[in-house]
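Structure in structure tokens, see below.
Chain naming follows the written order as A, B, C, D, E and F, and within any one chain the residues start at number 1.
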Amino acid sequence: MNKPTRIFTDVDYEKDGKQIGWLYLPYSTTRSAYGNIAIPATVIRNGDGPSVLLMAGNHGDEFEGQIGLCKLIRTLEPKDIRGRVIVVPGINLPAALASARVSPIDGVNFNRAFPGDPNGTPTYAIAHYVDSVLFPMVEFFLDLHSGGSSLDYMPFVSMRTSGDGALDGRAMAALRAFGAPLGMVWAHTIDAGFAQTAALRHGLVSLGGEFGGGGSVSREGLQIVERGIRRFLVHAGCMPAEALPTEVSRPTRVVEVRNRDYFVLAPDAGLFEPLVALGANVEAGEVCGQVHFVDDPGREPVVARFRASGTVVSQRHLGRVERGDCVAHLATDWNG
Amino acid sequence: MNKPTRIFTDVDYEKDGKQIGWLYLPYSTTRSAYGNIAIPATVIRNGDGPSVLLMAGNHGDEFEGQIGLCKLIRTLEPKDIRGRVIVVPGINLPAALASARVSPIDGVNFNRAFPGDPNGTPTYAIAHYVDSVLFPMVEFFLDLHSGGSSLDYMPFVSMRTSGDGALDGRAMAALRAFGAPLGMVWAHTIDAGFAQTAALRHGLVSLGGEFGGGGSVSREGLQIVERGIRRFLVHAGCMPAEALPTEVSRPTRVVEVRNRDYFVLAPDAGLFEPLVALGANVEAGEVCGQVHFVDDPGREPVVARFRASGTVVSQRHLGRVERGDCVAHLATDWNG
Amino acid sequence: MNKPTRIFTDVDYEKDGKQIGWLYLPYSTTRSAYGNIAIPATVIRNGDGPSVLLMAGNHGDEFEGQIGLCKLIRTLEPKDIRGRVIVVPGINLPAALASARVSPIDGVNFNRAFPGDPNGTPTYAIAHYVDSVLFPMVEFFLDLHSGGSSLDYMPFVSMRTSGDGALDGRAMAALRAFGAPLGMVWAHTIDAGFAQTAALRHGLVSLGGEFGGGGSVSREGLQIVERGIRRFLVHAGCMPAEALPTEVSRPTRVVEVRNRDYFVLAPDAGLFEPLVALGANVEAGEVCGQVHFVDDPGREPVVARFRASGTVVSQRHLGRVERGDCVAHLATDWNG
Amino acid sequence: MNKPTRIFTDVDYEKDGKQIGWLYLPYSTTRSAYGNIAIPATVIRNGDGPSVLLMAGNHGDEFEGQIGLCKLIRTLEPKDIRGRVIVVPGINLPAALASARVSPIDGVNFNRAFPGDPNGTPTYAIAHYVDSVLFPMVEFFLDLHSGGSSLDYMPFVSMRTSGDGALDGRAMAALRAFGAPLGMVWAHTIDAGFAQTAALRHGLVSLGGEFGGGGSVSREGLQIVERGIRRFLVHAGCMPAEALPTEVSRPTRVVEVRNRDYFVLAPDAGLFEPLVALGANVEAGEVCGQVHFVDDPGREPVVARFRASGTVVSQRHLGRVERGDCVAHLATDWNG
Amino acid sequence: MNKPTRIFTDVDYEKDGKQIGWLYLPYSTTRSAYGNIAIPATVIRNGDGPSVLLMAGNHGDEFEGQIGLCKLIRTLEPKDIRGRVIVVPGINLPAALASARVSPIDGVNFNRAFPGDPNGTPTYAIAHYVDSVLFPMVEFFLDLHSGGSSLDYMPFVSMRTSGDGALDGRAMAALRAFGAPLGMVWAHTIDAGFAQTAALRHGLVSLGGEFGGGGSVSREGLQIVERGIRRFLVHAGCMPAEALPTEVSRPTRVVEVRNRDYFVLAPDAGLFEPLVALGANVEAGEVCGQVHFVDDPGREPVVARFRASGTVVSQRHLGRVERGDCVAHLATDWNG
Amino acid sequence: MNKPTRIFTDVDYEKDGKQIGWLYLPYSTTRSAYGNIAIPATVIRNGDGPSVLLMAGNHGDEFEGQIGLCKLIRTLEPKDIRGRVIVVPGINLPAALASARVSPIDGVNFNRAFPGDPNGTPTYAIAHYVDSVLFPMVEFFLDLHSGGSSLDYMPFVSMRTSGDGALDGRAMAALRAFGAPLGMVWAHTIDAGFAQTAALRHGLVSLGGEFGGGGSVSREGLQIVERGIRRFLVHAGCMPAEALPTEVSRPTRVVEVRNRDYFVLAPDAGLFEPLVALGANVEAGEVCGQVHFVDDPGREPVVARFRASGTVVSQRHLGRVERGDCVAHLATDWNG
């Protein structure tokens, strides 16, 4: 994968100061033969020091990170930091402008597209740029998610295990420094082109997180994001600890998802009525909810049950389901 | 408007017992030359007595009413009532199956389509059936809404003033009997084809209400709906008061929307960050939120302010806005 | 309805000879500000005599009539006739070119659009032209159909009762002259904008017919159409009887559809398995077919039964059904 | 047509000064239950005096007027005028933002939608606002067009005859004052919902014009527009003559389109090769161009000929044609 | 191609008894971040013995196999067999639910997608599962087709030659055992990702077949399918011969398609009139049919001729053609 | 890339005479299971001699080449030449018939698809045929472009440098022989799947060119194309020099594009007003144009400036821009 990117930019990653510019991905269409997708990228640099990549808009319909980074771009000045902070608030811009999880141009989920392809469709080309140009420039990476249109999440910061204990330990330290009430360790997932997995291949201290959902903007989630970003920059060594307001925050409860049984799938298509609340603690076998049939209301609803015990950290937000949709998933205390 | 409906049905509104059937609207398409849209309709009848129409699915992406009525259909038996209860849980079925506010067939908002047209597109033909066939059969009408995909609402039951004081008094009595924590009186809106307005023309005691939003299923809203339906049936005289569980409920706080200044519109297109919480009490001039530009993050956000004082009873749910979208609206105590 | 048509044409209906030209309906779009929909129209005239309108393409996905009239246009010469034959082989041309029942431009079913509207969408404007310009010019009308994409039909010629016994008698004589094996009398249908109903309002001797189906070209149906057209022209007095080949044809069996119970509707959405053959004679209560669920194959199929006795003259062609689709309809001998 | 508009606005037409605001048309959709289409409207007023409406964006893909009015809004100050200038640079905003002739929301051509309908689809509701609210406020009206995506035009200012000689005389004076090299008198067209026709019903001195085409921005056309707007304001009495730069302009050549024979239609679908230049003088019978078949290149091209003599003032811009598209039209000197 | 599948399932292929479950393919979209495509799979097992895979829904618009397998799933019990029968009635479920040949999700033809790709679009991921998980589990494979929306077929069972004479002989024995009136040997086709070709690479005894067409359900074809499945299970050794009803069936006529000249392509776009019947025997040079132009009916039709002699085993079903569509193909007696 | 093409054809490239036939690319869809995309290809051969490939329709919305080659096909006879001329006037036929730059089937830009893939989507399969079948047959290649829907170009013939000085010299000789007023040398572009780059890999003398734009047919550009084709055939040795009319043409001015700074990108989305003319000579820093906001006309326009000096050889044709669209590009005299 040593093919060069086709993306060019008007920011200079090596220059001191603050530059608010764009990444340009050539994209030739009927309405623009020599068109480019213009993705905002900001570089704030003040001499030597750590390099951090802050990213949102991996999924276009997740907004707390996008807003948090827009605010950071306007307020963070070179004098506030040392080293380099690269801020990309809407990395899959076509998806962000469409309020969609996947790009409206190629239908691709950016978070399944790594390591990308410079000659692939736009989502692959953008992933390739992050993987081949941005990741090699930084030591710390923060990828801000929020559940998207279809899911509601208890807000949490997260990390993904890499198999390298030292790296995982540095990530756990960063996760605790971020200061969210809840922290998630993703361990069981197979490699499927995630930005996080790709970042681990580059040896980055890499955090994710889900800070809301339902395609909405959570005021609580946004507050966690805004505080967490600054704590992350302090933890990375880009900002002095004194830059943080003195607040007492509870230690982070760390949980994990152990296997596929933590997920409940819709057993039929219809209207899903949740029968437990987000955040509830449930037992295996307990009823999770039931599917109703508004086009055939005399038909008995079909019940879905939990197959494990734990805390409901995610629920389907949208009322209508297809068979196979995830309607809830659990987490249990991390025994890392 | 004395043109006959083209809708036919396999339920007999005059027969005792419970019939779960369908309304059939002829709809000829390439995939079905002699097709019909089949809309579920249930009639539960037990001799003489009041007639009540319970309806949901006016907007397809509002689910508490749809689920509440599906559950009622399976559990309410003729022996439980006297008179007649007509239950239509998904009146604009094409919209309900598409999780959309407006019909995917004709793009029409059912709640702007009254009094309808039997030879118009499907949404108009369905509205005409409700107006010309169902409304004349009943004395009480309940139309269950929930804010839809785009709005979050504090759950409330509502009525619309008719200009006929006696009828309005009977509606207010029904509204208080429904037992929701909040009640809304809509007064200022001009006639725009609402189901409620049409029902008032028929002299019905008519309630609406918003019981959630965001395209989701609110467990709290569903509970208010399920209790309220049974209280409404008791109030209408279809069920004995003893049928209700003994619960103490707070009296309903009744509010109203006085004019257009209660609404805040998005001043630009972008990502809307709300700066107050749903349910907050605000003053005129206070900041409501601001619009960020993820494609141009260096641009200053554009601020939206409240133009009146009151309680924030509704907020935009979806993060992305176009200029002119309602981002919040207020209500103040009813001085009816 | 005295508004003038906006359609203009390069054929002169009053001139002797054969003119193959077009009707032009102004239709302004982004791709053609001054565009016109060009609908072929042929006039063959030889002095005084009866005037006949032969039309196909009422539904764009019914082809025997379209092909039969294309062949007639190339072979019928003024010297073969007296009077005037107007041939419009693809009246709703946008639908014909899209192989669709309804127009791809406005989604309107031409056979529900009469009497039309000169300022309405294209389908209404074309219907208005037929109603206000062509119908007043002729005494005989033939509208060739074929079941369309969704239905298979036993081929038949048809008429619709007008309430005027003398006119109906003249139509029945024409129907028998057409010489199809089967003839249908449509009586029970309410006025819904049919071309046939509109033609009756103009006092025309008017025939329809279904000559195939499934979106295909039936060789048998095309043969019936080609012979029937010439017999119809002889019957109308436009051609001498000697122009017909001497063939012995069986007398037409005449049937009718008495009421809505002759139709069987799909009781659920899924795959419909027909359990009787087209042309079979069935009894009320007999099984018509059953709906299977390929996404949930363990679910029991849902059975549909005939509600009347008679001959199965039409069956659904397409395998997949939605609830409410007509899956079969019956006819019984006409007792006119 | 005395139904009230549903459009509200934040500009006050009666107030002195310059207000740049919006017209809000309520438009309820799945993505915005309480949404509004926000159409920019500017009012510049300085005491008593004539009232003028300047409008562009009637067709969304015609840009010289849109740009000219955007520039006017930013530069024209109350002190520069007397009376009132209302400027609406993108009246059918959904079409303007989509670069489309017709609205992407309802597919309606704004210039066929007059007098509009307040309860119709958005394009009809906007037309109704112009007709019922704006036209009664003004005495002069300028509606700036440009040929759109599909046509190239020699730039001209235009008027439409009203049947009222005095009014037509005042319009001709305004047309000559506008100072374009070419002026067009449209006489033969039947009423088809044009903004111009509607303006004449209100007795306005009303001008149109085509200032470019091909979906492009003509620098020459824009210059004619910008000069013409100021001359029109002077002619209307809103500005002193001294406000104009002293330039010598040629008198306007005035032409007309006498009948349908001035238009040449594509005789088949394919690639149209024009064989005369825009602006050429041609004779009846001369070849206009020919249609080639790139999918069947051995087929002989089909030739289109002029049916009248005159100057080619308009040609089809886009290479591909459907049968019935206008490929050129002529004009001849006005003999008004 | 040793990448693991991402599909998981709730059936256990190694367990005795009957399990009706689903294959779950993770498919993340805006409407379901953690969604899965749920494809029904049934396993019926009774101890040791042969393993057979029965599949339909390779093309979504071919229904006899889908219905036949749905019926088998509900009626075949473990006690009826020995060994294992895996039944997948709708393998490309998105296509089956859309009545489409190709998947509506990715536009891919499942029968051109082998050996698939676990990280490709859904159709490739499903093909990969069949190739890498199901094929290695079985010795016999039956893939039920039907011509689809566009073609009508004389019903036949088929095999594809592998180049391995012993394997081909076993397939021919199975083909004859299936007992259809007609059998086809596909020899000339190059490898293009067919399920059959992939099965041959795994050494399976593999049959296909076309049992109807036109997007319809053939009662005759379904009967051949239902009988053939049971005969195939007997032949494979899963069922005792006594399980079959005693019926006399004619021996299978075996035919083949020798080269590209057996196919007739539409010579132009328009309405295709077939001039021979399905099942007819024709000579090279004979007219197959002709293309008419309903938008230009005076134009001479374009004739298509057979380029070989043989039996017409397939004809285009749909009336409208594009240049290059197959309108008929022949077969001749197999000289294997 | 030694996989064989799946395209077959009815022309024989080795036979003397003129054959107008088609390339058939198998393309299986719901509407045509055994369909083929039929791309016209003409072979004109007269004994031994040079072989030339003339191609247009690389981009479907560029018409001068398509028309020029259609005319050549009908007029060039074997006796006029020696050797072989292969003419493909609409190579990406689906795009050509859709007037689109990219294929409507797969959204792929043909000129980014080389060397193609025989099993890829149609655009890749066609590119593969050109690369693997046509290029090896010829020594000269001409690929006729025109700017497409979005750009206006000063007409020019072009070549691309190969790194092989001898080959480049032969291309420059051919470029000068073509005789256009302007010639372009493309040097800086990285390999991105261009047809030209692929042709160079085969060692062909290869010319391109842009002969108009805006989705229109330029009469001047077409004249340059028609003359240039014949001069190119003479230069290649297929035609005698005497076959050319004696005309004096100016020598070609040869220019080049040196780097990315020659391109100006739109700095925001809106309406772009060009402030210089096509063909103008400009200085670095000069204003190129400005973006206006018709939905927010009070906002200041955003200015775009040239970053280099040179001649404006290309401008954006369409009025509306997105950020990142190319609005102009420069060229300067070639210092090859």
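In this text, a residue touches a chain if its C-beta (ideal position, glycine included) is under 8 Å from a C-beta of that chain, and two chains touch if they have at least 3 such contacts.
The shown structure was predicted, so the numbers you read here are calculated from the model rather than taken from an experiment.
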item	value
Shared interface partners, meaning chains that touch subunit A and subunit E	C, F
When subunit A is superposed on subunit B by its C-alpha atoms, the rotation angle in degrees, nearest 5	180
B-C against B-F, pair bridged by the larger set of C-beta contacts	B-C
Averaged-CA centre spacing for the pair subunit E and subunit B, given as whole angstrom	49
Centre distance in Å when subunit A and subunit F are each reduced to the mean of their C-alpha atoms	43
Multi-chain contact residues (two or more partners), subunit B	38, 61, 295-296, 318, 323
All touching chain pairs, where touch follows the definition stated at the start	A-B, A-C, A-E, A-F, B-C, B-D, B-F, C-D, C-E, D-E, D-F, E-F
In the complex, subunit E residues that touch subunit F	59, 61, 100-102, 109, 111-112, 147-151, 190, 192-193, 260, 263, 265, 316, 318, 321-326, 329
Interface residues, subunit B side, partner subunit C - complex	4, 6, 8, 22, 24, 26, 28-38, 119
For the subunit D and subunit E complex, residues of the former touching the latter	268, 295-296, 323
Subunit B contact footprint on subunit A (complex, rising order)	20, 38, 40, 42, 57, 61, 63, 66-67, 69-71, 73-74, 87, 89-90, 93, 96-97, 99, 152, 214-217, 219, 222, 271-275, 277, 292-298, 300-301, 317-320
